[in-house]
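Look at the two complexes coming up: subunit A is in both, with subunit B in one and subunit C in the other.
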Partner chain A sequence: MNLLRLWLRDLPAYLWSGWGAISSLFLLLALWQWGNQVYGDLVFPAPLDAFIVLKKLLLTEQARTELLTTGWRAFAGFIISIIIGSVLGITAGLSVTASIMSRPIVTVLVGMPPIAWIVLALLWFGATDMTPIFTVTVACFPIVFVGALQGARTLDGSLKDMARAFKLPPYMIFLDVYLPHIISYLFPAWISALGMSWKIVVMAELLATSDGVGAALAVSRSHLDTSATMAWIVAVVGLLLIIEYLLLEPVKRQIERWRNE
Partner chain B sequence: MKLLNVEQVSHSFGITEVLKKVNLKIKSGQVVALVGPSGCGKTTLLHLCAGLLNLTSGHISSNFESTAFMFQEPRLLPWKNAIDNIALGLKARKVAKKKIKLISTEIGLTMGLATDDLEKFPHELSGGMQQRVALARALVLQPDLLLLDEPFSALDIGLKTELYGLLIEQFIQRNAAVLMITHDLMEAVRLSDCILLMASNPGRIVKEFFLDKSISERDDSWVYQTTAELIQTKEVRNSFELTPAIST
Partner chain C sequence: MKLINNTSALFSCGFRPFFLLASIYAIVLIFFWVLFWNGVMILPETLGGPVAWHVYEMLYGFMLAVMLGFISTAIYEFVSFTGISRQQLMALVLLWLLGRISFWLSGIVGLIPAAVFNLTLLMYLLVLLTPSLWRDPGRPHMSFIYTFVGLLLIECGFYYSALTGQAVMPWLYTSIGLSMIMIIIAMSRISMRVINGMEEGVQLFKQDVEYLARPPRRKIAIFTIALFSLAELIMPGNLINGWLALAAAAAMLNLLNDWHIGRPLFNPWVFSMYAVYWLMASGYLFIGLSILSDVPEINGARHLLTTGAMGLAIFIIMTFSGQVHTGYGVNYRPWILISTLAILVATLSRVLIAWPTMMEHSASLILISSIAWMLAFSLFIIFFWRLLTGAAIDGREGCLD
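Presenting the complex of A and B:
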């Protein structure tokens, strides 16, 4: 509740500081436009065309369903991975043996190409919702796990002693001494995991399902419809930008106000 | 009678012996100052008294009901503002929220912190302010044994004098016991009933100086004179590796 109030209070100032971000986005658009002029409409449709197609798309019931489907799959995979990753990562980080043992496993998980997971998931789950959800979960898990692990590993021993000297009960040691520190590692990991989940879900859908944005992309590719392809890409990236910069980034700022910039 | 009793305590980090057969006693109402060269093991001894290090040889017993500890570094929680840092020990004792806020604010103000400083995070406070927050965090618990590791080292003389007064009024005259480490001999002379002088390699207590004059009756000239006499003693000069007294 308090967080919400602070979020609302700081939002205007934060949005104002977003002009820089917006101008760099426009730079990207300019580059895109230039690409269009060099390579022509078929290869690289103009941004404006893509936006017109996008607007038309968004007005159709079907496109919104696709976006929702994809959104829900990404979100489900993301949530599962941050819950499992955070809990396991913190637990492993609190024990030296566990954190040393988990390192190679994490390296394997990070090194495993997502496409390999998609193939495995297809074999296990078939063309169901579970395939993209599973792929997202396993792809995001190591990112969150490593963040949580490092957060728990780097706890300050001198603060632990302080907590002992002041006879803090276990729940306070966890909530007031451990958690804020761990969160400062976890939150950035969650944000990277969110970006990852978006990318992976579209890829998994493109290869494995018949609905969702990924599947729609596959259809527009088979029709050689580059404007529609670009429109979908813009939709996916735009949603990610909105979630990250309007929701997560301000929350992160509030949580980490205690840090010296 | 409440008593902190340290008997034949030795301590080693790895193979280096840091403390060797240290004995000391503190009764309620008594202030003991621990002085000695840097690195001689004062902090280690205080941590042993607080149970923050495992005791490997010797005995430490204490029947004080509540003990508060102030570390040599502030050790504040970086994600809590000054007032919540001060309140930490009270929160652990499950004191009512309103009361916590009230007492912590009061002690923060007595420490010479401004109302808006109390809302600041540790990284927004100066070194001396952080030290005062750390001191407030210990004092707010109203302990009957205070273990202080260089509590005034980062403060100016004005603040020091003010806080000496506070310590005398609120603790020493109310029969609390204080064990404090200091590098300032004059501070030790002003505040303590007994000064324990340590020497290094290995850390040990080489001399006890008892000061008989009651703390509230000590005036500046007495303090200056006694400090000067103290510095002239053979033990102090040896321990701090000063050249022998009176030369050229």
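Presenting the complex of A and C:
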């Protein structure tokens, strides 16, 4: 509740500081426009054309279903991976032996290309929702795991001792000593995982399913419709920007306040 | 009664002659412009035609005069060990006057005199300022030199294009961008001192106010405006410029973050400066939108920058530092509010002309705009004549700190 109140209090100033980000994004659009002027409409459609197509797309029922489908898959995979990754990561981090043992396994998971997971998932689950969800989960898992592991490993031992000396109940030790520290490692990992999940889900859909934004991209590719392709990209990236900057970043700032204070 | 009974006081500090000349010239220029616009009279033949005359003289006549007054006064605060002597100041004023006369006569005597006098003015200013600002430890105020050099280069381009018979307007549009940058830099210096109560003898607030003009935000704004202005010079009408203008607008809104400091913002001086940034942001916003939506008329939006942001910024700079440096202490008098509102009315009515349905009223709108503008600066002359031409209140010579 307190967090929510703080979040609401700082929201206007935070939102206003978004103009800096918007300014940079406009510079990117200028670069995009320049690309269009160099390579022509077929190769690189102008931003305004893509926006017009996007607007048309968003007015159709079908496009909204595609976005919802993709969003649900990315979200499901993301949630599963942060739950498993955080729990396992913290557990492993609390024990030196477990963290030494899990290191090589994580390296293998990080090194495994997502595209290979997609092939495996296709063989295991076929062209169902499970394929993209599974791919997202396994691709995001190592990022979250490493974040949680490092958070738990870097806990200040003397703080632990002090908490014990004051005979804090276990739930307080967890909530007030462990959690703030671990969260400050976990949260950035979650944000990276979120960005990752969006990218992976679209790729998995492109190869493995007949619905979702990825599948729509595959269709626009077969029609050589670059404007629609760009429109879909804008939609996906736009959603990601909104989630990250409106939801996660303010929460992250609140959580990390103790670092500056 | 002698109008100026004390020339020694008039030339005792840079802001005095230049603020006086600038405010008189603001009225003269708009007076002739509105007569020309309404077909009452024709303007003297000058290079580039009437529109170039209007823009050039507003920028390199009016705006530059204020900036000359500002910098030749502020130099004493930036670097305490040097300044501009009475003779050097008189030379600057003389060059400025010669620049004006020669430009007005450029249709008769040719371009060369105008080019020589106007370029010499800026070069002479740079010769006077650069050594001391460069020797200043850390060189915190060199950005003024860079913008004056930029202005000089663009003016060179302007005269080169005029001599070789190419279009001169793109150079003038770029000058508008550079003027905006100059205003942002100048206002960042003024606002820090004013709001935080660092200006000697000026205490706007009872409690301490924490206001910081943060360099990164200012630099983003300057960078995007410079980028847009350059792009507009190199490829006029390109859609890329539209996005760059929107980037500049967003960067200006980003700059406003520094200003959201609660109640002190509603102090009339502070709010006026804040409004300047809003005018700049909306100017670039409308310029961007009109480029992207393929509306050819963007001069309406440009007047948000010139009449609006520049007019208001200049008026605030002149009234504020005029009072401080004559030793009278800052006082937000009713006429200052009237003038500020008049400048806003002038801006709004000039901008409205670009509105498609308002085209038919353009003659009356331009009249309203001009009268409001002339009113604002007439009030300045009426209330500042004695301050600027008379001795400082405590009898001290030179620029009062």
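Assume the second predicted complex is superposed on the first by the 260 of 261 C-alpha atoms of A that agree within 3 Å, B and C clash if a C-alpha of one lies under 4 Å from a C-alpha of the other, contacts with A are read in each partner's own complex, and residues count from 1 in each chain.
Note that a contact is a pair of C-beta atoms (placed from the backbone, for glycine too) under 8 Å apart; a residue touches a chain by one contact, two chains touch by 3 or more.
Everything numeric in this text was worked out from a predicted model, so none of it was measured.
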Q. Quick one: subunit B and subunit C on subunit A, clash or fit?
A. fit
Q) What is the contact status of A:Met172 with respect to subunit B (first) and subunit C (second): first, second, both, or neither? A) first
Q. Which of the two partners, first being subunit B and second being subunit C, lies in contact with A:Trp124: first, second, both, or neither?
A. neither
Q.
Per the contact definition in the header, classify A:Leu29: touching subunit B only (first), subunit C only (second), both, or neither.
A. second
Q: For A:Gln37, decide between first (touching subunit B), second (touching subunit C), both and neither.
A: second
Q: Using the touch definition from the top, say if A:Pro180 reaches subunit B (first), subunit C (second), both or neither.
A: first
Q: Considering only touches as defined above, state whether A:Asp161 meets subunit B (first), subunit C (second), both or neither.
A: first
Q | Smallest separation of CA atoms, subunit C relative to subunit B, angstrom | A | 17
Q | List of subunit C residues in touch with subunit A within their complex | A | 217, 220, 224, 227, 231, 238-240, 242-244, 246-248, 250-251, 253-254, 256-257, 260, 292
Q) Hey, which residues of subunit A end up touching subunit B in the complex? A) 158-159, 161-162, 164-169, 172, 176-177, 180-181, 257-260
Q: Using the touch rule from the top, collect the residues of subunit A that touch subunit C in their complex.
A: 13, 16-17, 19-20, 22-24, 26-27, 29-30, 33-34, 37, 46-48
**Q.** Sites on subunit B touched by subunit A in the complex
**A.** 47, 50-52, 68-69, 71, 73, 75, 77-80, 88-89, 91-92, 121-124, 137
